[in-house]
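What follows is a set of structures for review.
Look for subunit A in each of the two complexes below; its partner is subunit B in the first and subunit C in the second.
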Partner chain A sequence: MIQVLLRYVVLFTITLVVLCAMSFSLAYLFPGDVLENLTGISPQNEFQRAAIARQLGLEQNYFVQFYYYLERLLAGDWGYSSASGLPLLEEVSVALPATIELSTYAMFMAIVVGIPLGYYAGVKCYSTTDYTLNSLSITTYSFPVFWFALVLILVFSLQLDVAPISGRLSLLFDVESVTGFIMIDILLADNIDHGLAIRDALSHLFLPTVAIGAITTAAMVRITRRSVIDVMQRPYIAAARSRGLSSWQIFFRHVIRNALLPILPLMAIQITTLITNAMIVETLFSWPGIGNWLLQAIYQQDYPALRVGMLAVSALVVTLTIIVDLFNRLIDPSRDRFERGTI
Partner chain B sequence: MRGKLSAICLGLLLISGCGRNVEHTFYTSGVIYCSESNPITFNPQLDTSTTTADATSHQIYDKLLVFDPDTGQITPSLASSWLISEDGLTYTFQLRKNVKFHTTPYFSPSRNFNADDVIFSINRWRLASHPYHEVSGGQYPYFDSIGLADNIETVERINGYRIEITLKRRDSSFLANLATDFSVILSAEYGDNLLVKGVPHQIDIKPIGTGPYIFQDYRKDRFIRYERNEEHWKQLNSAQALVFDITPRSSLRLAKLITQECDATAFPAQTELDVIRTNDELTLAEKPGLNIGFWAFNTEKAPFNNPDVRRALAAAIDKNTLLEAVYFDSATRAKTLLPTASWAYQNDADDTAYNPVLARRLLSDAGVPPDFSMTIWAMPVKRAYNPNATKMAELIQRYLQDVGIDAEIVTYDWLTFRKRLQDGEHDSVLIGWSADNGDPDNFYRPLLSCGAIPSGTNRAMWCNQDYDRLLDEAIETNDIDERRAIYQQVNRLLFEQQPLVPIAHAYRYQAYRNELNGMSINPFGGVKFGGVSKTE
Partner chain C sequence: MAMLDIKNLTLEISEGDTTIKALDKVSLSVNSGEIRALVGESGSGKSLIVSAICGALPAKWKLTADRMSWNGENLLSMSTQQRREVMRRDIAVVFQNPQTSLDPSVTLGEQLEESIPEEFVKGQWFWQRAKHRKKIAISTMHKVGIKDHNTYLKSYPHQVPSDIGQKFMMAIALVAQPKLLIADDPTRGMEPTTKTQILKLLTRLNQTRALSVLFVSHDLLAIASMSHTMTVLYAGQTVESGKMKHIKKRPLHPYTKALLDSAPSFRKDLPPKSSLPTLKGSIPTLQHLPIGCRLGPRCPRAQRECVVTPSSRRIHDHIYSCHYPLHREVK
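Take a look at the complex of A and B:
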């Protein structure tokens, strides 16, 4: 087990270093001044420029510069946004939680809705219900998320007027951003009506969560269904049936747990898709997350922000993937050490 | 299993649905305005953009005088009355008593508004020696462009509530200038306080004024938050809270207006006007605006320093097509700088006509080579006077192609764009002007006078001594007919010289929900939320 852990730690570190190297090279690949791309500060005079260049080690070779770069990243000195002039670490730490929060709710929705539906379809496999569910999930899975979100806005906001289209909370609520997670921030805020604020936040969450969650839900239905069908064909199910167990008994005692194990690693792969979708949907709902933030950075040609944003998002995805993978090992030690995830 | 699922789905729907009806009073306590961009500063003395004026002038501050939005007359505000001396040079203002400055977490005033605050506010932009003059850049574009500082001899305190301003030359537009969005009154006590603390620049970031709303918080690209000033001298029936929701996309602003996430919005696009008109819950207010959209040539660059070339370019374009395609008929054709709403509007002024043959001849006579290429700078933001500069630039590009000129369209983000324009990097630019008061001097002087070149409002970089002399003559008289006659001469001169091609005067639109009370469209500058509230 320790060996496995070590292997993951090494893998994780190497991936992060490679990502950092890529983000560092962006400073050279982007148009404009390397010094400005790295810091986001445009020096006022030659004297200041020389001082900053010395601090960055720009006169030395790339490896030394990269070392200094890593050092600054670890120290939390990520440079400044050239558009807003604020420290990038601060900007990312406000935007990233918003995306994580949205993705969490969407994942929650996918699990709560997708897995039970998948079980149902699997148990009733090759019946009309199964075909209906299956074709529904294939249809949903094929939706381009961008288009789907727009349809939701059109129907639920502009036509039926049941949900707002932008932001996380009505601006009339004066909620200070402490953690970046709106629900926690609401609970931490004083002098507001908490019940009302939470209801308002939920109504804002409704459409973006559904837009992102629907596609992952559809994927979940299909993954679960496949897994259940596989389990149902195992000899021990036939044995259980011959022992005289009812369908429900078989389902609860044998199918649920055994079908769940192969689902977990596949869920990990869905996380990447989910975060990508979240970043796209954010821009439609003006959700103040990392996707929206990156898009603004692209519009404003804010290269320091793009460099850091790319690093933050990829580091997040890598971290999540590795954690879930590790988690899979922990609950399923029977898995072969060299087995790789498949879909 | 099926029951559980439908319960979850139903739950999700209910949660999202019920937030709207419950606690109605909370949602009617505040007004949300979807604004189009970030203000550059919180002190309108420092910037002439509408965005900055919208977010500050009428909300946070008061002025000595204001324009009546309906009649355009100058009416009292912080100055309760005023006297003009016989020779027209000395203005005495009686100030209002018991006016309180805002009390905020960052400043608590110890005294009421008085003469010191007026002197502080005026001297800040007037005197280079004033301790605050250089703070936040030391540029006061509006006052610099009309050269007001040079014309003020003294600003003196007679007593605590009376001040006297002496001018060097008569200026019949002086009172109008004091009533513009930029002539706000700051707190001298707050200024002194910040100087002691060593953070003077905070005066423009964390504003203190006497206006109907108190500044609370600002997040770039997100929001500006204000609360009601309970101690405002006018006792307006304003909303408890005011929030500017910064939404750059026009279609999103409209969508938010429909879903009640905004109560009012800035600058609806011309294509969206019909949607607003046909929606029963929305009101579209419109007024002929005091603005002008134009195409200015950089007269410091060859060949645009030749009036014949400029006249040729003016004859090469068809203004009517531009009006139809870009303004969707929500504007009137401009002959001169002045819109019809101005008292000095000249009905029979000369106008350019579409004549590509004449254009080609003038160009070849002026020695412009057949493969000549130039740039058209199109402003990146949407304004009433030019709702789509890029589209207009593309149309002009086509027209210029017909007369053998190869035009390239240039655009940058708004800040860079204005900076580079000021540096004179353009050949020609599509931009415009929203007037700050109804006085004709407010169009002619900032747009084309010599003094307006360094302050960056003279986009043509055009300096003509005759023109400046006529403008000075016009404001030295109080006789309306005499002034009107002078402005006709000015129009004639501009038609001959053609430093810019006037294109259109746009209507001003404001869209808001029917629940808003007290909302009125202000033809003079920014939006005003004092006295605006929501029906319960």
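Take a look at the complex of A and C:
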């Protein structure tokens, strides 16, 4: 158990170090001055330049420089945005939670809607219901996310006028950003009508969540269905049936868990797609998330921001993937057979 | 009257535009309190019969029978619910491969406990019931010869040796106190000591609890010592069936004779260092089944009539299907 945890921690650390190294190398790969790419500060004169260079260790070799870079990353000194002049750590910590929030709701939707539908389709495999669900999910899965988001805006915002086009919360509500998660911030704010604010936030959330979630939901339905069909054909299901267990008993005791085990790693892969989609959709809905922020940084050629943004997003994806994999490792009893060998 | 009575069971599998008769008019019956052996080479359809009895065949395969009844009740026309009840209370199956027939994500203890019918469990409250359930599980484990119950109740199927897995399959089958136990090659891949233990256990249960056993195997030696009656299967057709001692003494079908001759333990007159007689060729695949008597191309006594499927004939309770049985002279 401790060994497993230790191995995952080591894996996680190494991946993060590699990511940091890549982000460090970006400072040299981007056009322009290395010093400016690393800090975001343009030195006014030679003295200042020499002072910053000494601080960054620029006169020494790459490894020492990388060591200083890691040290600054850990200390929270991520440099300054060359466009806005604000500390990047602050900017990222405002933008990233917005994306995480949006992705969480979309993932929640995918799990709550997609997995039960997938189970249903898998249990009723090769029936009309199954074919309907399957073709629906293939259709949804094939939508390009930006197009789907635009259609949603067109239908629900412009034609039916049931949801706002863009933004996170109506400007009428003055909510201070404490955690970065809008729902929590609303609950923490004390001078507003909470009920109204939450309703407003939900109506803002509705379209982007559906736009991102629909595609992941469709993927979930397909993954789950396949896994359930696989499990239903295993000999132990036939054996359970021959023992006279009812379909419900078989489903709850033997199908659910066994079908879920292969889904979890695939779910981790879906997280990557989900966050990518979220970054695209944010731009369309002017959602103040990391995707929108990165896009602005690209327009303004804000290299320090790009370097840090890439590091933050990839660290997030890696963390989630490793957590899901660790969880899967902990609940799947048969996976330790590969470590110990079988009798 | 026979408990399990199957007459002319035919299983048709359609593959593209052709239909294959994987089982062709198989008849099989198990009387109360007897051990019936079902013998045949690999690919002769033994496991298909087992699956047909426990209703685990895919719905697309067409299963027809003149009669397939359990204690007089028709198994084929039964509702799913009734069928399930029969499987839960009366018939238990031990499958070939314990590693794949046990759920890999559930502990062995849970799998054993879920097979205990509710009416066996005493106690008012769920903790009392859980305790009693565990007691039943442990005593069943001891019965099949697993001593270290504490370890194995908590183990997952991949953590135990395969003979323990097989014994667990037996325990799961026996815990519901069935009337008929279908053992689909339960001693496959076991070393002789464990095999003997399992066979002894089956014999003892048969004697003490009047448990009927349908023993499916190709291990003639094991079967011959314990079973009362025997049915021989070849390529999905029943070849011969009858009392074990009659068949052993005087087989009527050429295939049965070849089968018995190939086992040296049944031959007293076998000279030292002589080669064992076998039939030429091998069992045909399902795609290339011969018409008529399926043994035809390999049979030393085959004649022109053998392209017609022989009807089953009966001498007392010895049934065989052959145009030229061994007690009759070939013209």
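The working rule: the second predicted complex is superposed on the first by the 326 of 343 C-alpha atoms of A that agree within 3 Å, B and C clash if a C-alpha of one lies under 4 Å from a C-alpha of the other, contacts with A are read in each partner's own complex, and residues count from 1 in each chain.
Going forward, contacts are C-beta pairs under 8 Å (C-beta built on N, C-alpha and C of every residue); 3 or more make two chains touch, one makes a residue touch a chain.
None of these values were measured; they are calculated from a predicted model.
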Note to self: With both complexes superposed on chain A, which partner does A:L261 reach: first (subunit B), second (subunit C), both or neither?
What the structure shows: second
Margin query: After the superposition on A, what does A:P208 contact: first (subunit B), second (subunit C), both or neither?
Written below: neither
Margin query: Applying the document's definition of touching, compare subunit B and subunit C: which contacts more of subunit A?
Written below: B
Note to self: One more residue to check, A:G167. First (subunit B), second (subunit C), both or neither?
What the structure shows: first
Notebook entry, point to check: Just subunit B (first), just subunit C (second), both, or neither: which does A:P235 touch?
Noted result: second
Notebook entry, point to check: In the superposed arrangement, which partner chain does A:R253 touch: subunit B (first), subunit C (second), both, or neither?
Noted result: second
Next item on the list: Return first, second, both or neither, reflecting whether A:G244 touches subunit B, subunit C, both chains, or no partner chain.
Entry: second
Next item on the list: Once the structures are superposed on A, label A:G309 by its partner contacts, choosing first (subunit B), second (subunit C), both or neither.
Entry: neither
Notebook entry, point to check: Inside the complex, what are the residues of subunit A that reach subunit C?
Noted result: 234-236, 238-246, 249, 253-254, 257-258, 261, 332-334, 337, 342-343
Next item on the list: Would you mind writing out the residues of subunit C in touch with subunit A in their complex?
Entry: 51, 54-56, 84-89, 92-93, 95, 97, 100-106, 110, 114-115, 156, 158-161, 172-173, 176
Checklist line | Interfacial residue positions of subunit B with respect to subunit A in the complex | finding: 1, 4-5, 8-9, 12-13, 15-20, 22-23, 26-27, 29-30, 32, 216-217, 220-223, 225, 241, 243, 245, 247, 252, 255-256, 258-261, 413
Check: Quick one: in the complex, what on subunit A touches subunit B?
Finding: 84, 112-113, 116-117, 120, 153, 157-158, 161-167, 170-172, 174, 193, 196, 199-200, 202-203, 206, 210, 286, 288, 296, 300
